[in-house]
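Okay, handing you the structure first.
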């Protein structure tokens, strides 16, 4: 187990370096200049000289290899640099937006698990009945509904049915839990619905697979109650793929956040990313991509570890 | 990649005389999905005959009309017919969806097969690149690619958008193709073929390729669904298709945010169009998988 | 500088108040917090290096200016730090008397030295400081002969000096602090305005509170203000939900409709022209746009008068005008305007003529790409409308909508056929408004790439004429010439629509969303 962990951890480092290098060069191919956007976007006739002076100040006039060296050296000290747009540190820009996005992601996961576990189980138990069919259709359509559209429908429904909309602006859950939850539950549902759909399908097929296996048959033959089987054996084994899905779907969660934060006007990581790309704020894009990639890699690592822990066969191989 | 998350099959396409008929009998839901896909294909090809209006024609006299006889799905703020725009929009969705899934899967399959077949350094190198690509969440990668490449249209289709959507598909397909290839390479008949001195080309063409056709087809179908969703998301963010080209995601974006509370049909129908298309491809893909992968069949 | 009859005329075109109880003069009440929203956020806090309303709306209440525009009687210039001024007969020297006893928020006194230091920073920015409008003030030499006097001497004659000095971006900073760190205004707020800085939560809020040491002890009325930074789409729900009471940039007609529909009794509406327009820029370095007939024909194909009716219901595009804002004292009268290509009210004849002109120019089956920003309001409607209009004369146009940064890159490189540009500044002055109509030699934003120096000559000439009547003549000549040559042609001017809570008093709408935002006169009737 320890070796497994170490091996996996060591693999993370080259991957992250690869991401850092790839994103650095990828975004520098991008046409457009953050300084021009900042100084000229509102229509002022700004002289070329002023633009060049500002580029110099931000270090954008340096040769590419030097910018790259500065960036890599900064990374070794975990320094992501400063946003070219606000001049504030990238770490701070990201840190401000973490709580709200993290909470939505967490709530979406909880919603997904709360829906998927019972629905998936029922669907598997009542296989090929109308219950199973309706759960499956629900799940397949869950995969098909774009999260931003679901968000718009939710807003439309709240507005036309209750003439009410969640408050704008983030209030910490510790400060005012009611306002916080009443605002964030909607984006969490729009993102979490897809998540739930995927997990339900996984749960169902995993349970079916497991139930076909011999030891369950033996258990049933022994007359153990179906419900008990579900809890003891099947459920534990079925958790494996569900855990996998959570890891796999994490990418979708981020994607869902990017669009859903736009719909619900949430000042989170997704909106920051959209803004940063729109402005061509290189440092911030780099920082965000690295940040997201790191989380992504570690979530998958965690999933692997959980997997190994749940299923000893994997550990040994 | 939930729709295809089960381990890919190593079986080749079932070679039964009445394959189609059997598919219809054993996978009615798949046929349902296929029929919906067919409907969209008909819409895309027959758009000028099906739609009664030019999708870009502005008619301020009919601005924001509710669904009715003249405009089945109502009109938008420019008085453009929503139904016609959805019908023409299926061209964009299918073209971008199918092309990017096809390109992404093909490149991915080649990479993955090479990785699995040759092993060693080639494998390690390809796998590191795949790891890096997989560390970018799909939409992040697509957004960066779109802003790097800008727009480049060929025959009215934005090729860079297709590239942006195809790119994140490559590593995923590569993973699947690699593991399929690995399991085939491990089989005795490959060893036999190698021992008999057959060329790489012959082994790959005659033995490996036929065996990864099934997972490839499953992946392509599944990725069409995802590509349609991703195109809609990018267009929604203003990074995909541009006005006045009819595209479903675009119809949900921008100013429609100001209008949809008073004219809900403006977002209702395009959203349904996206959902139904993705639904159909998923359903068809699922059935295809079940059918091609007998292990899952009861 | 502007005659008051003209100013009144301008104000009359604005301000239509819906709702109850607007007319009677009331005694202002003290107290209360004004909550409003701003739909963008400033990158940093330095006025001199900024061009955005996203900076002006939160920051203007913190700073005093030398003089400022009167919100009630735009474009009249009224005192701020300068309590009075005199202009030498030759109009080459402007002498300002600075109020005594003005304090910065930290208690330090504000004197003429601070005014001089701030203007020096604008005119000759030290290394590392961005001064956007440096060139605009290049003809001024500032001196501070005594603590209460500031003198601006002109190197060359210049029109509109007072308007230039009333710029909302010319915040007065502390000379002592600038000496320590010339870039302090980027990250710190130390002004002498009616409100001191409380805090800025990134991506979320901005707060200011009443400054008790403000030079006018009767002001401000408000105890403070709080800003919510939101996306544009969140303004209507925010106002309806009572989270904030105003947004001062402008809403579109659809949003106005939604607001009035749901909360008519609590709202007041201001409507009028806005010092912004969208225009077409023809890339004259590319064929066939080097041909004046082609440019004119493309402009003539666009039904401005008819489009105005329809577009003004779904977007902020509304007023038909030339280079100067319709209604502004120096703009071309409508009778003159309709004689110019593209402004005729007979659209059918215009289109017929346009077709013939294209045919004569050998551009019958013209196809091109229209470069535009991917900003929904008002760029997308302008693009969609123009393309539809061109299709009616058989010209097929592909819409190329890009993110702002990609768009700007292409425009600056001259890599486009026709682009949708905008024209905007904080006021109507022709020196600012004509910037995009000039040659590249004279203006960095002369994107059309033409080399016609006649516009440049007229431009330089009008800049130097202090007499308003004479200047108007030259400006109109320049406008007529520019619109006939059609290197750039306005599509439509914008309408500014402000819908705010009825309890907000003392706020007046000017044609510029940059002005009258220091909130000194604003009070709440509650």
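Here the chain labels run A, B and C in written order, and each chain numbers its own residues starting at 1.
The rule we apply is simple: a contact is a pair of C-beta atoms (placed from the backbone, for glycine too) under 8 Å apart; a residue touches a chain by one contact, two chains touch by 3 or more.
Predicted, not measured: the structure shown is a model, and the values here were computed from it.
K.L.:
Return the chain whose centre of C-alpha atoms lies at maximal distance from the corresponding centre of chain C.
P.N.:
B
K.L.:
Chain with the smallest distance from its CA centroid to the overall CA centroid?
P.N.:
The most central chain here turns out to be A.
K.L.:
So the centre of each chain is just the mean of its C-alpha atoms; given that, what is the distance between chain B and chain C in Å?
P.N.:
46
K.L.:
Quick one: chain A and chain B, Cα centre-to-centre, how many Å?
P.N.:
So the centroids are 21 Å from each other.
K.L.:
Distance between chain A and chain C based on Cα centroids, please, to the nearest Å.
P.N.:
41
K.L.:
Could you pull out the residues of chain B that touch at least 2 other chains?
P.N.:
As it turns out, chain B has residues touching two or more other chains at 147, 150, 257, 261.
K.L.:
Could you say which residues in chain C touch two or more other chains, in rising order?
P.N.:
Residue numbers touching two or more other chains: 233, 403, 406.
K.L.:
Using the touch definition from the top, which residues of chain A touch two or more other chains?
P.N.:
31-32, 159, 262, 277, 280
K.L.:
Show me the residue ranges of chain B that touch chain A in the complex, using the header's touch definition.
P.N.:
1-3, 5-6, 128-129, 131-132, 135-140, 143-145, 147-148, 150, 225, 229, 232-233, 236-237, 249, 252, 257, 260-261, 264, 267, 271, 274-279, 282-283, 286, 296
K.L.:
List the residues on chain B that touch chain C in their complex, please.
P.N.:
56-58, 60, 63, 77-78, 147, 150-151, 153, 238-239, 242-245, 253-255, 257-259, 261-262
K.L.:
Can you name the residues of chain C that touch chain B in the complex?
P.N.:
Going through chain C, the ones touching chain B are 233, 252, 254-255, 257-258, 309-310, 313-315, 374, 376-377, 380-381, 383-385, 387-388, 391, 398-403, 406.
K.L.:
Using the touch definition up top, name the residues of chain A that touch chain B in the complex.
P.N.:
11, 14-16, 18-19, 22-23, 26-27, 29-32, 140-141, 143-146, 148-149, 152-153, 156, 159-160, 198, 201-202, 205, 241, 244-245, 248-252, 254-255, 258-259, 262, 273-274, 277, 280, 285, 289, 292-293, 296-297
K.L.:
Quick check: in the complex, which residue numbers of chain A touch chain C?
P.N.:
31-34, 36-48, 50, 53-54, 57, 85-88, 93, 96-97, 159, 163-165, 167-170, 262, 265, 267, 271-272, 277-280
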